[in-house]
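In the two complexes below, subunit A is the common chain; its partner is subunit B in one and subunit C in the other.
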Partner chain A sequence: MSRAALLVLADGRFPAGGHAHSGGAEAAVHAGRITGAESLESFCRGRLHTAGLVGAALAASAALGVDPVALDAAADARTPSPALRAAARRLGRQLLRAVRAAWPGDELDALGRRFPKGAHQPVVLGAAARAAGLGAEDAAHCAVYESVGGPATATVRLLSLDPFDATAVLARLAPEADRVAEAAVRAARRVVREGTGALPAASAPLLEIHAEAHAGRAGRLFAS
Partner chain B sequence: MNTAGVRAEAEIRARADGRGGTALPVLESRGPLAVRRTRGSGATAHVTLVGAMSGPHGGDHFTVRADVGPGARLRVGSAAATLALPGQHGGQARQDVRLTVAAGGELHWMPEPLISVTGSELAVHTHVDLAPGARLVLREELVLGRTGEDPGRLTSRLTVRVDGRPVLDQELDCGPGAEGGWDGPAVLGGHRAVGQLVAVDPEFEDKPVAPGVPADGLAVLPLTGPAVLVSAVAPDALRLRRLLDRAPSAFAPAAPASA
Partner chain C sequence: MHRDHIDPHPGPAALGGDARRPDGARRALRIGLGGPVGSGKTATVAALCRVLRDEVSLAVVTNDIYTREDAEYLLREAVLPPERITAVETGACPHTAIRDDISANLEAVEDLEDSVGPLDLVLVESGGDNLTATFSKGLVDAQIFVIDVAGGDDIPRKGGPGVTTADLLVVNKTDLAPYVGSDLGRMAVDAKAQRADLPVVFQSLREDEGVAAVAGWVRQRLAAWAV
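Up next is the complex of A and B:
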C-alpha cells in the first residue's frame, strides 16, 4: 500500500464535493442541538458510531472486492431518509469522477456504468481505495474520518467556532475513530464470508429525521 | 453464563380459510408468553400476546414467530407494555421476532411499547421476510426507562426484506454501556421514547408516498422498494404514540411538488 495515496484520497481538498455537505451538522445547529465544541463532540461521537461505522464497513467491504451492487442495496436499507440517500449518491458520483481521473481502471469504469446517477459514497470510496492500491483498513479509516471531519469543519463556518477547538474535537475522537475503523474491517471480513446481512446497521434517528427537514429548508449553507 | 434464564416461545400461523376469513392452524406458546385469539373483524384474525409475567429478565431468551399465508390477514397486538427487567443473575436477555408473509397476505404487527428498565440489558432482533405482493404494518416503540428513571441497555435491530432484498435494516443501541454519543445531538438528543412504523404495500410502487416532516420529531421516509418508514422521537411514550398515530394519513399518495 502507498501511504501517500492514502493521504491523497483522505485529503479534504480532494475534489469530490464533500465541502458542500455538513453531515447533518447544519440541521443540528439549526435545531439548537450543536452550540459549541462540547455539543459538536457529542454529535460527532454519535455520528462516528452510527453513520461512520456503517459507512466504514461498506467502504472496507468494497475495498475487499464485495459486489458493489449488493453493497449499494445494503446502504439504501441503512439510509431511510430519501434526502440522505440522494446526498450519498451525489457524493458518490462526484467522488467517482475524481478517482477515475486519479487512478483509472476497469473496475471504476464498470461502477460508473452500473450507477450512472451515482452509487452510495462509501461504496465508491472502497472501490477507489482498491483502485489506488490501498486496503480495507485504509478505506475504513478514510470513511470514519470523513464521518466526523465534515461536521467539524462545517461547524466552524456555521457557528464561527474556533478552528482550534474543532480540530481538538477531532483529535480527542481519534482513538475512538481507530476502534470504529477496526470494527468496520472485522465486519467487512464477515461480509465476504456471509453476505451483506453481516454489515452493521447502527442508526441515528435524529440524523435521519432532521435530514428531511433540512433538504427543504431555504437559505441553507450545506446540501446535507 | 446465564443458566438461570427462561426460554419462551410463541408461534402463530395464519392461513386463508377459503371462505374469506383467516384461520389460525397454529397458535402455540411455551414458557411465560401466551398467545390468545381475540375478536376478529371481518377477514382479519386478531391475536394478543400476553406476558404471563412481565419480562424478559436478564438471561431470558424469548422467540416469537408469526407466519401469514397467501390471502390470510393477521393482526397481532399485546395486552400491555413489555418491561425489560434486570435478571437475578444479571446478563443480557434476548428477544427474537421472526415474521414472514406470503404474497397476498397481510400482517399488522402492533405491540405495545417496550420499556427498558434501569439495570436491564436486552437485545431485540426483529426479522421480517415478505414475499412480493405481501403487505405489512409494523410498529415498534422503545421507551428508555420508566418515568423519571435511567434506562437499561437496549439494542434493537429491525431487518425487513422483500423478495430477499433488504428494504430496511436499522439498529439502535442505547443506555449504559452503549457506544458514546447515543444520547447526543446526532442520535437521540435526550429523547426518552423512539419509535418507528414500517408500512410495506405493493400499491406504493404505483402511488409513491411523499417524504415529509409533518411534525417536530416525526418524519415520513419512503424507502427503496414498496415501503415507507415513519420515524419518530419524543420525550415520552404518550407523545411518541401521538406522533406515530398521525402516520397513516401521511401515507396518502405523493402530491406533485410537495414542499
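Up next is the complex of A and C:
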C-alpha cells in the first residue's frame, strides 16, 4: 500500500461532493438531537456502528475485488430510505469522477459504464482504493472516517460549534473507529468466500426516517 | 480559453474541462455568473434567458445557499421551460461548489445536456458569495462577475479575484447610483486600474438597454466557441 495515496483519498478536500452532505447531522440538529459536542459524539458513535460499519464492509469488499454490481444491490437492500439511496448514488458518481482523474484505469471506466448515474458511494470508494493500489483495510478506514468526519464538519457550520471541540470528538472516537474498520474487513473477507449475505446489516432507523423528512424540507443547508 | 485535447481514458463520463461529450460531439459553452449576494446575478440570468432563448439552445444551473431559491425565481418568471433549469445544493459553501469541488455542478451540466440537449450554452449561476469567489476552469469556459452600485462604489477599488480576473465585470443597478451616493466614474476608473484590458459593463435592467451589452458579449463568446 501507499500511505500517501491513502491520505489523498481520505482527505476531506478530495473533490468528490461530500462538502454538500451532513451525514444526517442537519436533520438531527433540526430534531434537537445534536445540540453540542457531547451529543455530536453520541450521534457519531451511532453512525460508526451502523452506517459506518456497513459502508466500510462494502468498501472493503469492493477493494478485495468483489463484484460491484452485487455489492451495489446489497447496499440498496441495506438502505431503506429512497432519499439516502439517491444521495449515496449521487456521491458515488461524484467520487468516481474524481477518482478516474486521480487514478485512471479500466476497472473504474467499466464501473462508470455500468452505473452511469452512480453506484453506492462505499462501493465506488472500494474500487477507488483498488485503483490507488490500496487494500481492504485502507478502504474500510476511509469509509469509517467519512461516516463521522462529514457530520462533525457539518455540525461546526450548523451550530457554530467550536471547531476544536468537533475535532476532539473525532480524535476520541478514533480507537473505536479502528475497531469498526477491523470488523468491516473481517466481514469483507467472509463476503469473498460466502457472498454478499455476509455483509453486516446494522441499520439506524432514525437516520433513515430523518433523511426522508430532510429531503422534503425547504431551506436546508445540506443535501442530506 | 478553448481546451481541446484527447482524453487519454475515453470512458463513460467526461472529466472536467473536456471540450467534447463522450459521444464526440462538442459540448455546450459554459459561462459562470458569480458575485456578492443581492448584486443581481439571478436577474441578469433571467434577462439573458429572455434575450437568448430564441437564438440558441440554453439551460441554467443555479447554486443556492439555501437550496432552490434562485431556481424557483427563474421558474416563476418562466424564462425557460422547467426541464432546462437545475439547482445544485452547496452545503453552506457556494464557492466550494464552483471552485474547489465542482463535481455536482459538472454532473448537473452533463445531465442537462443528456436530457434536453444538444445545448449551445449553459449558464452556471453561483450562490451569492464574497469577493474572492471564482469559478474553476474545469467547470466554466468564461466567467462574469456581477457587482452593484448599492454594494458600495469602493468594490472595484478593493479588487479581489472576482473583480480582477473575471472575463467580464458587470456593474449592475446603475439607476440606483444617485440614490446611494455611488460615483460611477470613480467605479469605472478603479475597475480599469484593476482589470487593465478586461471588459466592464455598466447596466441597469430597469432601463431600455437592459442586458443587451452582456448578451452581446455572450454572443461573441458563443461565436468563438463554435469555431
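Basically, the second predicted complex is superposed on the first by the 224 of 224 C-alpha atoms of A that agree within 3 Å, B and C clash if a C-alpha of one lies under 4 Å from a C-alpha of the other, contacts with A are read in each partner's own complex, and residues count from 1 in each chain.
Basically, contacts are C-beta pairs under 8 Å (C-beta built on N, C-alpha and C of every residue); 3 or more make two chains touch, one makes a residue touch a chain.
Not measured: the values here are computed from a predicted model.
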item	value
Simultaneous placement of subunit C and subunit B on subunit A, clash or fit	fit
First, second, both or neither for A:His141, with subunit B first and subunit C second	neither
Subunit B versus subunit C as contact partner of A:His120, first or second or both or neither	neither
Partner chain(s) touched by A:Arg89 [first = subunit B, second = subunit C, both, neither]	neither
Partner chain in contact with A:Arg130 - subunit B first, subunit C second, else both or neither	neither
Partner chain in contact with A:Glu208 - subunit B first, subunit C second, else both or neither	first
Which superposed partner A:His49 touches (first subunit B, second subunit C, both, neither)	first
Subunit B versus subunit C - smallest C-alpha distance in the overlay, whole Å	14
Residue numbers on subunit C that touch subunit A, as the complex places them	8-9, 11-13, 15-16, 65-68, 88-93, 96-97, 100-104, 106-107
Residues on subunit A engaged by subunit C in the complex (per definition of touch)	13, 15-22, 90, 93-98, 100-101, 104-105, 108-109, 112-113, 116, 154, 157-158, 218-223
Interfacial residue positions of subunit B with respect to subunit A in the complex	157, 159-160, 165-173, 179-182, 184-189, 191, 194, 211-213, 217-224, 229, 231-233, 259
Subunit A - residues contacting subunit B, complex	24, 28, 31, 33-34, 39, 42-50, 73-74, 76-78, 80-83, 85, 176, 196-197, 199-209, 212-213, 216
